[in-house]
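Here it is: the structure, laid out below.
When the chains are written out, they are named A, B, C and D in that same order, and each has its own residue count from 1.
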Amino acid sequence: MNSAMQMMQMHEKDMSMMGMDMAMMQECMEACSACEQACTMCSNSMTGESMATCMGRCANTADMTNTMMRMMMRPNGMHKESMMAMLQAMITMCGACAEECMTHADMSDDCRMCAEACRQCAMACQKMMDSMMGSMAGS
Amino acid sequence: MNSAMQMMQMHEKDMSMMGMDMAMMQECMEACSACEQACTMCSNSMTGESMATCMGRCANTADMTNTMMRMMMRPNGMHKESMMAMLQAMITMCGACAEECMTHADMSDDCRMCAEACRQCAMACQKMMDSMMGSMAGS
Amino acid sequence: MNSAMQMMQMHEKDMSMMGMDMAMMQECMEACSACEQACTMCSNSMTGESMATCMGRCANTADMTNTMMRMMMRPNGMHKESMMAMLQAMITMCGACAEECMTHADMSDDCRMCAEACRQCAMACQKMMDSMMGSMAGS
Amino acid sequence: MNSAMQMMQMHEKDMSMMGMDMAMMQECMEACSACEQACTMCSNSMTGESMATCMGRCANTADMTNTMMRMMMRPNGMHKESMMAMLQAMITMCGACAEECMTHADMSDDCRMCAEACRQCAMACQKMMDSMMGSMAGS
């Protein structure tokens, strides 16, 4: 476990007051971080005319995943509605990026692996949102 | 008009195919940029215990506005549903940040001015989203 | 004058203790912001094989200019040696990006305008660094 | 090994032409990523008046480490002199952030762990720069 994860656990109490599952959030942050890295690389290796959409969506996804990850690391700034709206935006963007990358997966290993990282990230965000919704319903 | 705005206009054709009003988008980008700057400064000047929420929300808003602005600058990566979901997240977050900053507006000029920049940004994003919804309905 | 600039002026005293000229720093922040926008757009419109270097350098420059601008907006975090090392990195990167963009300036208006924004940014950073060096020598 | 690391290895040939040791660069990227996370959290948990410098330096370091990591992920945009100037800026900033955090390490676990992440990052950047200098001398 790295130091950021240990730091998160020290703030567990603040998080759980927001109805957030700490283990799930750590998983989501790691998926975001892996997705940011894959998208940054994929975006940079797309050089053909036909790759313009892929390049643009990957660059957008890289920026969004970094922002999402940082939001999860700021217990003080946590605002439930904003967090859920951002998770929704992530699920939509990661899905669109994975879809585009998959159309080139046969020709490009970058795209194939990036699509997989986007899918993992979308799933982790969805899981997180479901859990937050559940805790809102229960409160 | 600065060079980025001139560059946007050269790509006007790509944008309008997405049902986006170029002038409105430029206005929105400028509101995002001003909001990022105000939130970065406000977040950094909040030092009291009672300012923790303000500091955290401002930091989140600064990161989100930069991401939003970059998404608008990438016609190739434009994906309408993702853009609208991100606009929705912006409106929610900017509103929550303005609300928090307003509670300290009497004591802090930073907060008063940051709240105003957040409100302007939320309004520009709302206007943009209304326009995109209108164009979807009409298509 | 926008609200971020007004906020900077309220913190003028903190800055001048660091030997920083406020007007020069505002000019530098605006040049960074314009450069980030131009590079984000230029990076996204480069789609040919021969544009790979241009795309990559522009993406690097966009990230660096945003970081530089944010560092100038945090009087509390100001550390003179780090600031000067970052200004030096900016001058080098903006120069390399302008140089690459200029090789395509005849074919691409994006590149021509981006090169100009990079040059302006490098000059503003150089001016800022010269001024900080002068104030260190004098202190 | 995560997907970003696998993607890096597929681009190993481009990197080694720049005189870069792939394993060392991966280590450096991971140290940057861990440092960004620790600094984002540490910056957000600093709420006392006496923590203003810590908060500001951590926020600067978080932004710089993300930029550094992204630059390493773009073989196409790699420009040796800019990379080395950025590594130098990183070493200086991470050192200053670690130094500040250490002054509160007794009172704050966040600061103690953040200082450690900054030190690791500075060392990884130094190692990378030494290796690049060696390869320049040898070429």
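Everything that follows uses one rule, which is that a contact is a pair of C-beta atoms (placed from the backbone, for glycine too) under 8 Å apart; a residue touches a chain by one contact, two chains touch by 3 or more.
If you're wondering where the values come from, they're calculated on a predicted model, not measured in any experiment.
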item	value
Between A-C and B-C, the pair joined by more C-beta contacts	B-C
Same-site or different-site touching of chain A by its copy chain B, using the half cut	same
Label of the chain whose CA centroid is most distant from the centroid of chain C	A
Chain centre separation in whole Å, for chain C relative to chain B (CA means)	22
Centre-of-Cα separation between chain C and chain A, whole angstrom	29
Chain C, residues touching no fewer than two other chains	44, 47, 52, 55-56, 59, 66, 70, 74-77
Chain B - residues contacting chain A, complex	52-53, 55-60, 63-64, 66-67, 70-71, 74-79, 81-82, 85-86, 88-89, 92-93, 96
Chain C-facing residues of chain A, complex	43-44, 47-49, 51-52, 55-56, 59
Chain C-facing residues of chain B, complex	2-4, 6-8, 10-11, 29, 33-34, 37-38, 40-42, 44-45, 47, 62, 66, 69-70, 73-77, 109-110, 113-114, 116-117
